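Look at the two complexes coming up: chain A is in both, with chain B in one and chain C in the other.
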Partner chain A sequence: MSFKLFNLLVQASAWTIGISAISIAIGFLLALVLSAALLSGKALYRRPAEFFISFFRGVPLLVQLLLIYNLLPFIGLNVPSIVAAIIGMSLCTAAYQAENLRGGFESVPRGLVEAADMVGFTPRQVFLRIKVPIALRLTFPALVNEAIMILKSSSLVSVVGIVEITRMAQDLASSTYLPIEIFSSAALIYLVICWSVALAGRFGERALPGGAK
Partner chain B sequence: MIFDPNVILKHLPEIAAGTGVTLALWIAGMLLGVLIGFLVATARRYGGRFIDLPLGLVVEVLRGTPFLIQIFLVYYGGPFIGLSLNPIPCGLLGLSIYASAYYSEIFRAGYAAVPHGHVEAGECLGFSRFQIIRRILLPEMALIVMPPSVNLAVILLKESAVLSIITVPELTTTVSAIGSQEYAFLEAIFLLAVIYWVIVEAAARLGRFAESRFSTYRFSTP
Partner chain C sequence: MTLPAISVRKLVKRFGQTPVLQDIDLDIPEGKVSCLIGPSGSGKSTLLRCLAFLEEASEGMITVNGEALGFFENARNERERLPAGQIRTVRSQIGMVFQQFNLWPHMTALGNVSEALKTVHKVPKKEAEARAMAQLVKVGLENRAGHYPSQLSGGQQQRVAIARALALSPKIMLFDEPTSALDPELTGEVLTVMRDLAAEGMTMVVVSHEIGFAATIGHQISFLDQGRLILTGAPATVFAKPRHPRLEQFLDTYLDRGASMLA
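Let's look at the complex of A and B:
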């Protein structure tokens, strides 16, 4: 296997990383809304959020991607497949991240909230200065894990025709008859990406306030 | 969307067969994964550094790469090293290997979570290593590993949909084929999502029920 083939796989990894990063970011914003709905205490908001989360955690990502890929043109949205892929991945990761965030908000020590109330923080200040920073800090490890899961799951967008690492490897393997070399190289590239994220996560964990020094 | 229930009724036997393949692959893959995972975790614990390090590396590689790539490697790469497998055995092999890596980590954590004093107590009473594993570590571990195992089981059920890409005749393959055949792809995928949702929800509830039954016998350690 030549260096040129390997290089093509490395170039394709830009798509893997790009799609994953955008999906994680959009998913995070959606997850904030979902977790707020879960914690609102109003059934009107909670029920739809629970329904959404249950669906996107209960159906395989592959099926979700196929569903969205076929649903969008049906409702008159003719978007490029990359958009369908990002929507699918974002919705899926939003469901998982929302559960993490809910856990984070629920683990904020009550005493800290009460203390802030005592010293005269407004509810808004309690939320922005106590709850949000602590909850985000608590969910950071879960966020890193989710990022790694999404990086690996992004291999599934190859089925809707996006030439990221997996699709590139498939194309190269069928044209060169070197499946072992090509797929092993693809695996190696995924490993390097995932390990880098895990390592960065560990550094971040230590650098953030409250980390083990 | 014109949803014709007759189409579903007409293809009910095929859908049932596809569901059967999915469930069979899932359960077999899970059992093999638990078995191999347990052996790997045990070998890593008792086998010394020269077994622990290479096995640890394999586990990390399996956990750090997409399931789809692993499947492709076995399915398309296999024939080049004399391993020509049909889709179903190939899918089972891929699913078991993938599962075993994650189960081995669960068992490793389980071994580590059993209080050391219990093992020492066994040693003091003259238990052999095998007896310690069978009489002390395994029963205590069973409770500890239950919740993450149930979690992983649900993940595996969903991952099994990926096997459709190498044409294993499971649920996803079957229902999407019906969709193309009947020119109702969107309806078929929608049905597929609902079937998975129901099965996954049922599996998760069953798992939670098993957990609650198990935890009745939970020992208390201060």
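Let's look at the complex of A and C:
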């Protein structure tokens, strides 16, 4: 297997990383809204959020992607497949991240909130200065985990025609008849990316203020 | 006679149907140390938390320096809840120290002490930190200012928590079993800080198992049992023999916890 083939796989990994990173970021913002709805205590907000989460956690990502890819043109939205892929992945990861965040917010010790109440914080200040930083800290390892899951799940967007690592490997394997070398290389590239994320996560966790040193 | 710092009238607190405090009438004198003692489950911590409005009393009134805390009686003699902003204003006279310290783990000692000055009182960062540092000096922790709570011992954390409350210049300090979560060898440093504070004339309400501390530093002792205030008075009267039988029984069980000096 030539260096040129390997290089094509490395180039395709830009798509894997790009789509994953954008989806995780969008998913995180959506998850903040969803978790706020879950914790609002109002059925009007909570129920739709619960429905959203059970749908996107209950349907395989592959089916979600195919559904979105075919549904959007059907309702008159002709979007490039990359957009369909990002929408599908963002909605899926949002559902998982929302549950993580909800758990994080619920785990903020009550005493820390009481201490803030006692020094005169408004509910908004308690939320921004105490609950959010502590919940994020508690959720951080789960967030890194989710990032790794999404990186690997991004191989599924090959079905909507995006040539990321997996699709490139399939194309190369069928044209070069070197499936073992090529899929091994693809595996290696995934492994390096995910290791890097895990490593960065561990450093990040240690760098968080007040974290275990 | 001067106005009491805190006045509690006909206070009842129920958790669901279960009454935990019944018919509490209590005055907390200004500039004195008042101690609430009693067995576990007697309601002493709940009473203290009502004084901080961390628990809302089911019935009755609490006034802090003459101002209603949380609830007031309106023109039709109905009990009505004050707006949140007003509750915060009345509560700003009160500082609270918790059993579990409750320092914010993502902020340094200095950050914990200066946070409310910056966020709530909009004091410029530099001035807030200078004032926070002065409080850390007072509790003997100026060289731990940059440490996070996870890097401090329990006793140091509790002293930072005291400094955090003092930074806002409260008129009254409430202590909820401030040494109960500490190793025995660390309780001394916290009690020393509290003793200094008492000597300065701070109005203090202390829930404590440290009967020795209550007897030596307290000006007023209130003994609670099963949600009722059994007796209140100066230590010399409350602890003098013959004692109230339930107090006698309670002290017997605490003889090994610093009350032996009273036996």
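Everything below uses one rule, namely that the second predicted complex is superposed on the first by the 213 of 213 C-alpha atoms of A that agree within 3 Å, B and C clash if a C-alpha of one lies under 4 Å from a C-alpha of the other, contacts with A are read in each partner's own complex, and residues count from 1 in each chain.
The definition used in the following text is that contacts are C-beta pairs under 8 Å (C-beta built on N, C-alpha and C of every residue); 3 or more make two chains touch, one makes a residue touch a chain.
Keep in mind the model is a prediction, meaning the values are calculated, not measured.
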Q. Which of the two partners, first being chain B and second being chain C, lies in contact with A:18: first, second, both, or neither?
A. neither
(Q) In the overlaid three-chain picture, which partner chain does A:169 touch, first (chain B) or second (chain C), both, or neither? (A) first
Q) Does chain A have more residues touched by chain B or by chain C? A) B
Q: Quick one: classify A:130 as touching chain B (first), chain C (second), both or neither.
A: second
Q. So, does A:71 touch the first partner chain B, the second partner chain C, both, or neither?
A. first
**Q.** Partner chain in contact with A:209 - chain B first, chain C second, else both or neither
**A.** second
Q: Please work out whether A:103 is in contact with chain B alone, chain C alone, both, or neither, and reply first, second, both or neither.
A: neither
Q) Looking at the overlay, does A:141 come into contact with chain B only (first), chain C only (second), both, or neither? A) neither
Q) Can you list the residues of chain A that touch chain B in one structure and chain C in the other? A) none
Q: Would you mind writing out the residues of chain A in touch with chain C in their complex?
A: 109, 111-112, 114-123, 125, 129-130, 133-134, 137, 208-213
Q.
Looking at the complex, which residues from chain B come into contact with chain A?
A. 1, 60-61, 64-70, 72-73, 76-77, 80-81, 158-162, 164-165, 172, 176, 185-186, 189-190, 192-193, 196-197, 200-201, 204
**Q.** chain A - residues contacting chain B, complex
**A.** 54-55, 57-64, 66-67, 70-71, 74, 148, 152-156, 158-159, 166, 169-170, 173, 179-180, 183-184, 186-187, 190-191, 194-195
Q: State the interface residues of chain C toward chain A in the complex, per the touch definition above.
A: 52, 54, 84, 88, 91-92, 94-96, 98, 100, 102-108, 115-116, 119-121, 148-151, 161, 164-165, 168
